[in-house]
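So that you can tell them apart, the chains are marked A, B, C, D and E in the order they are listed, and the count of residues begins at 1 in each.
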Amino acid sequence: MHAGKKYSLKEFILWTRRDIYRLTILAVIPTILYHFCGFTFLSISWVPVALLGTAISFIIGFKNNASYGRLWEARQIYGGIINVSRSFGVMIRDFLSSKNKSQDVQIIFYRHFAWLTALRFQLREPRTWENMNDWRNVEYARNYHIAEKTDKIENVLAKYLSTDELAYILTKKNKATQIMALQSAHINKLAAESNLSDLQLQSLQTGISNFYDNQGKAERIKNFPYPRHFSSIASIMLNLFVFLVPYGLLNDFNKLGNGTLIEGYSIWLNIPFALLLTWVFNTLDVVGESSTNPFEGSANDVPITNISRTIEIDMRDMLDETDLPAAITPENNILL
Amino acid sequence: MHAGKKYSLKEFILWTRRDIYRLTILAVIPTILYHFCGFTFLSISWVPVALLGTAISFIIGFKNNASYGRLWEARQIYGGIINVSRSFGVMIRDFLSSKNKSQDVQIIFYRHFAWLTALRFQLREPRTWENMNDWRNVEYARNYHIAEKTDKIENVLAKYLSTDELAYILTKKNKATQIMALQSAHINKLAAESNLSDLQLQSLQTGISNFYDNQGKAERIKNFPYPRHFSSIASIMLNLFVFLVPYGLLNDFNKLGNGTLIEGYSIWLNIPFALLLTWVFNTLDVVGESSTNPFEGSANDVPITNISRTIEIDMRDMLDETDLPAAITPENNILL
Amino acid sequence: MHAGKKYSLKEFILWTRRDIYRLTILAVIPTILYHFCGFTFLSISWVPVALLGTAISFIIGFKNNASYGRLWEARQIYGGIINVSRSFGVMIRDFLSSKNKSQDVQIIFYRHFAWLTALRFQLREPRTWENMNDWRNVEYARNYHIAEKTDKIENVLAKYLSTDELAYILTKKNKATQIMALQSAHINKLAAESNLSDLQLQSLQTGISNFYDNQGKAERIKNFPYPRHFSSIASIMLNLFVFLVPYGLLNDFNKLGNGTLIEGYSIWLNIPFALLLTWVFNTLDVVGESSTNPFEGSANDVPITNISRTIEIDMRDMLDETDLPAAITPENNILL
Amino acid sequence: MHAGKKYSLKEFILWTRRDIYRLTILAVIPTILYHFCGFTFLSISWVPVALLGTAISFIIGFKNNASYGRLWEARQIYGGIINVSRSFGVMIRDFLSSKNKSQDVQIIFYRHFAWLTALRFQLREPRTWENMNDWRNVEYARNYHIAEKTDKIENVLAKYLSTDELAYILTKKNKATQIMALQSAHINKLAAESNLSDLQLQSLQTGISNFYDNQGKAERIKNFPYPRHFSSIASIMLNLFVFLVPYGLLNDFNKLGNGTLIEGYSIWLNIPFALLLTWVFNTLDVVGESSTNPFEGSANDVPITNISRTIEIDMRDMLDETDLPAAITPENNILL
Amino acid sequence: MHAGKKYSLKEFILWTRRDIYRLTILAVIPTILYHFCGFTFLSISWVPVALLGTAISFIIGFKNNASYGRLWEARQIYGGIINVSRSFGVMIRDFLSSKNKSQDVQIIFYRHFAWLTALRFQLREPRTWENMNDWRNVEYARNYHIAEKTDKIENVLAKYLSTDELAYILTKKNKATQIMALQSAHINKLAAESNLSDLQLQSLQTGISNFYDNQGKAERIKNFPYPRHFSSIASIMLNLFVFLVPYGLLNDFNKLGNGTLIEGYSIWLNIPFALLLTWVFNTLDVVGESSTNPFEGSANDVPITNISRTIEIDMRDMLDETDLPAAITPENNILL
């Protein structure tokens, strides 16, 4: 996520640079044809364009709404993981405190960090429909680095899991799921050895269900894109609209200069104004698009690396550890 | 679901081919009458058409919103089934791990796959209001195959259930419901034989309640269509609108050519422009309509065959089975 | 609910027949006055009418949204009743299976059907604000029959309750509430006799709480109409709008014929066009209105008779009964 | 709430009588200045007014949405209280039925009615931002009476609490909270005396948590108004809009009469039409405003007196009491 | 929050004083250029401005919706803290009432107040994206004082925690989290000493999970701003719009005076009208912006100091303490 005050207009213009080139060309063509070739019949009525504009507002509004909803839900899910981690943490610690089992407590805590790690690596894997290969984002992504792209999962997991468990987990299809299954096996073993009462086991098992819930919800957002037919029709309509706008404005700008010192030249104002209008609609759509996949590694992602670290700090602080890792901070305003 | 980057414009045009024919005819008629028969009084005012256009935008926006909501809820429900399956799986496995009951564990796991199977077959049965008999979808459906249409449920269930249970289940009205009832009977028998504590039974019974919840929610979306009166009035309004648009634009396009090289011919531009405008609104509605029934076997379905397989893989991986089935992958970008 | 493909345009026209008469008269009056009496000053500007039209679109959109929300929530509630009934059913059956209490199981199951019966009769009682006395619905209601209007509740309950309990329940204010209270008393008696463990009692008691929840939610929708002041102002605005539209279009249609073969007669086109426009808005409102009360016995109701029967079938199937009742099917496409 | 079919147009006109006076004056002034003083430059362009009108539609739509949401949530909360009361009622009754504790059952039931009483009195206390001092509502409020304004809380509580408890509760800041705390103390005492098992205590304690939840949610709506800055800017914009409308329409109505028998007089039509348009927008806002505070004692309140009585009837019916109080019925269509 | 009737127009004007200056300048420039320099070609067509205006209405509507949602959710979260505090309070008090542990009860109650304190201090820390450094808010903030800015957290915590615990907590990263962890340790110690049953422990542990949930939700709103790209594009579009409006209105106001006594001067009306229109849109945006961060210490914050005090009063009243602190009341209508 962007953790600063705002994106500047300059950043927006750079980010949509190539869109601006394209939109300019679209505006230049009819203007030249109208002015130099006398194709004045190109100045179609504004009437169908305006209606299309209203429909486009609805469509983009709808898409941005859904997109914001996906981003916000993704953040809620990771917020939920924070909350359950804290509850689960104090329960593990306090249920076992009178049992001389502090080593098990530590193993379970660190295995939890392993789960967080596996989950964030899985969520940051690429999907066909994601936008990180768009030139816009490739370029912008040079401003920050994505830990899950540069680190190796086995190295990170090795900090949290025993060698045996690490080897075991690396053979599994869905690593996060099976790490959590190890947690379940561990607490059941503790219960079978009478270190946990049946009720305590139930409370902890509920915690595990909650983790699975949140993991599954995050995977749902990851694996189920904003429906492609909704997305495609919006693009098609938008492209149609930005194509038509410069034609629809021709007439107005041609007449604008009549009787003034720019008579005969006012038609050229069509270019900046059409560009302005189409750029605004186009950029709105791009903004919406760039939040639909909140785990793709973009500048507008949910900061899951940061959140996972926060959980690790909070939980190790619960055990009164002293060498807590540093919080993850924004790089060029971007927090991942 | 479509698992690629997007539907291409070409796919959209092919998909709405017959709509385009119809809309073209609707645009040609008034243009010919106006131009050749001199029925210039056909050029009705744009004023009522524009107001209708605004209302149509609201109606289609509303319908697409509801449609998206149904699709997304359907995906959430199946996401919920994934999550509860994982929690239920680790509980069954770990509660019984110290009891030498690994065979019961396996029976319950495989009966769960039977439940998933029965459920997906039930959800993919046709309903009167679904759209798979529309020529659009009949044609497109040749790109992929729907397992629930080609496989036989008894053959698939036979892989997961004992012969007795299979015979018993095949006599039942709602097979998924009664398979889950067998799960309940099984865990209660295990509890009566002291293999599960009362609290463990309660936790598992809660799991069964959650499965029933998700099954019932999926059946609700399957059996309760987007209300027919809302849907019908939207169609009627849309048809009215696409009928009126070519009349409303006549005048503007007639005047467009005045004093230019296409004078007298500009009226023909009415046809492509009216087509463009009506096609956009019509396609928006078609897009919305094609998500209202997320279990009909269309290209925009929730991929329940794929999800059921994912659950099977994850759960068999929990038991450390080695011959895991392959994940279901998209065919021509369509994942079912 | 309508269980077919769609309402036809013909059905809509018949259904709104009297509205069409009224709207026609509203359109005829200004046209006649304009044409025959020369009251050309009646052709008010379209400007305030258009703004009113936009506002009306908002208002009707808002109302239809709320109306759809009420219908959908009502269906969710009854979906919830299905789900909890299944969970409650397997729990009752399996908790008591080893206790030789199959008769209690049957009594509780049938008392549950009694609760479903009492609830659906209560929900289909008339309320002042409901629309079943509107001529539209009176007429359409001849296409299907409403079991709760023709059957007698005591006769239906007699199939499910013992004579004593039937007599007791018939003295009560809210019969559904007190039938469910009998369920609670019964399971507590079973627990006091050691046929249910404390935890099993808790699980069942939670089931009863869930039934009360769903009953209460259905009663909330039944007893709390779409707020009358929101509804009334929408009607007033709509009436104002349909009154003004024919005046606003006069001028455009008068000019339409100038220089054509219908010169002097084009004013008459005002009538069909005003009718078209006002009919669309009026019908949209009627469609919304006809879903605000999802338990009134209209063609767009939640099919609670059908759902109650489905639950009965599923639960009796759980007990392996063989003479299951038939499912309730649509009559002239209407499922109640 | 209004429990009838609808508010009549007459009621609306009476209710907004003074608004009509104000809006008329606003329309008369520019008309007179234009006509008699020749200030024709007052006829500003409709263009900025129309844009303002669109923005106003959004703002009022948004406000009415929020307002409806508050009203509906308030009703859901009280619906929740009904549901939990029934569950709690049967649990108390049936858990203690074999313990010869019917007197405790009765004390707890009646203390629950005391809680309902304290809560409804607290919720009907005035707040600065509420609208019951607006002349509109002062006048309309003569049609019905508000029990919480005329009764004394101590007299009503005396029917439900012992003298000691009544005296104790009257010393407390938040009476409802502390009455519920007495319930908790009572059931814990019963559990300590072995009249309730630990699990039964837990179930009842969950009931108390649910009551606190619903009480807190109702207090949240009571104590946190629709944000004053949102509300104030909406008022300011609306006032601006109704001020400008009569100016924006001047020109159209002036030209309307040209060449007709009312030439020179058509300007006067500006007054009724401007009034119509501004009244509609103004009344929409007033309607929204009158639902934002659903516990203020207005005609559009959630009927909490009625609901509290319904709960009392249902619960006393559970105990088979015979002298049940009468249900509270609407007075002049208003149910409180 | 503002606890009065409304913000006055005067307050709004003062609050947006500098915006007014800026918008006036933007309106003056084109008017002067048009009038004195004869740059009449500046009077661009209203057509693109109107479409932009519609899009802006959508964008601001969307933003205000999200902003209201964040504020309302923040209030719900703190409402949730009230509710769970009451439930947790009565449970602690009543579970331990027969155990002679009233001192532990008091320690836990006061530690809860410490948690409330730590939480509100954390939530009122500044964030980069918050608006309290905007001149608007700096100025307005002189009307009230923010306890969390003037008090020292260690002094306030000292009233609620023992010296040891205070010293321990002050070393921790997230103080609220670790105070709640102390609660967990304390109740587990009580349970280990047999002062609480396993079930009672479970109920209390659920309370702690709920507190963590609500804390985490509040932190989520605090730490995850309204996405900066949505916010930035809205600002850019708004600035573009307010820039263009005065140009778009030039022509209409120039013609307005023709043939009247202000002929040649009516162009100056462009300034107040453009200002009016742009001010309205600008202020709408400012209003939305000022609710997106509900814990920043602004006049529109959720009143968390007040709510924390209310909880303290209610809980100490449960213990029948007599020297209850005073409720926190609004200062110049602002309640924090």
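The definition used in the following text is that a contact is a pair of C-beta atoms (placed from the backbone, for glycine too) under 8 Å apart; a residue touches a chain by one contact, two chains touch by 3 or more.
On a predicted model such as this, the values are computed, not experimentally measured, just so you know.
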Superposition of chain A upon chain E: rotation angle, C-alpha, nearest 5 degrees: 70
Inter-chain centre distance, chain B versus chain D - centres from mean C-alpha coordinates, in Å: 40
Between chain D and chain E, centroid-to-centroid distance (C-alpha), Å: 25
Touching two or more other chains - residues of chain B: 54, 58, 199, 202
Pairwise touch network: line, ring, star, complete, or other: ring
Successive chains around the closed ring, taking chain A as origin and chain E next: A, E, D, C, B
Chain E residues touching chain D - in the complex, by the definition given at the top: 1-9, 12, 46, 50, 53-54, 57-58, 60-61, 64-65, 68, 71, 75-76, 79-80, 82-84, 86-87, 89-91, 93-95, 97-98, 197, 199-200, 202-203, 248-249, 252-253, 256-257, 259-262, 266, 269, 273, 276-277, 280-281, 283-284, 287, 290-291, 300, 302, 313-314, 317-318, 324
In the complex with chain C, residue positions of chain B that touch it: 38-41, 43-45, 47-48, 51-52, 54-55, 58-59, 62, 66, 128-129, 172-174, 177-178, 180-181, 184-185, 188-189, 192, 198-199, 201-202, 205-206, 208-209, 212-213, 215-217, 219-220, 224-225, 227-233, 235-237, 240
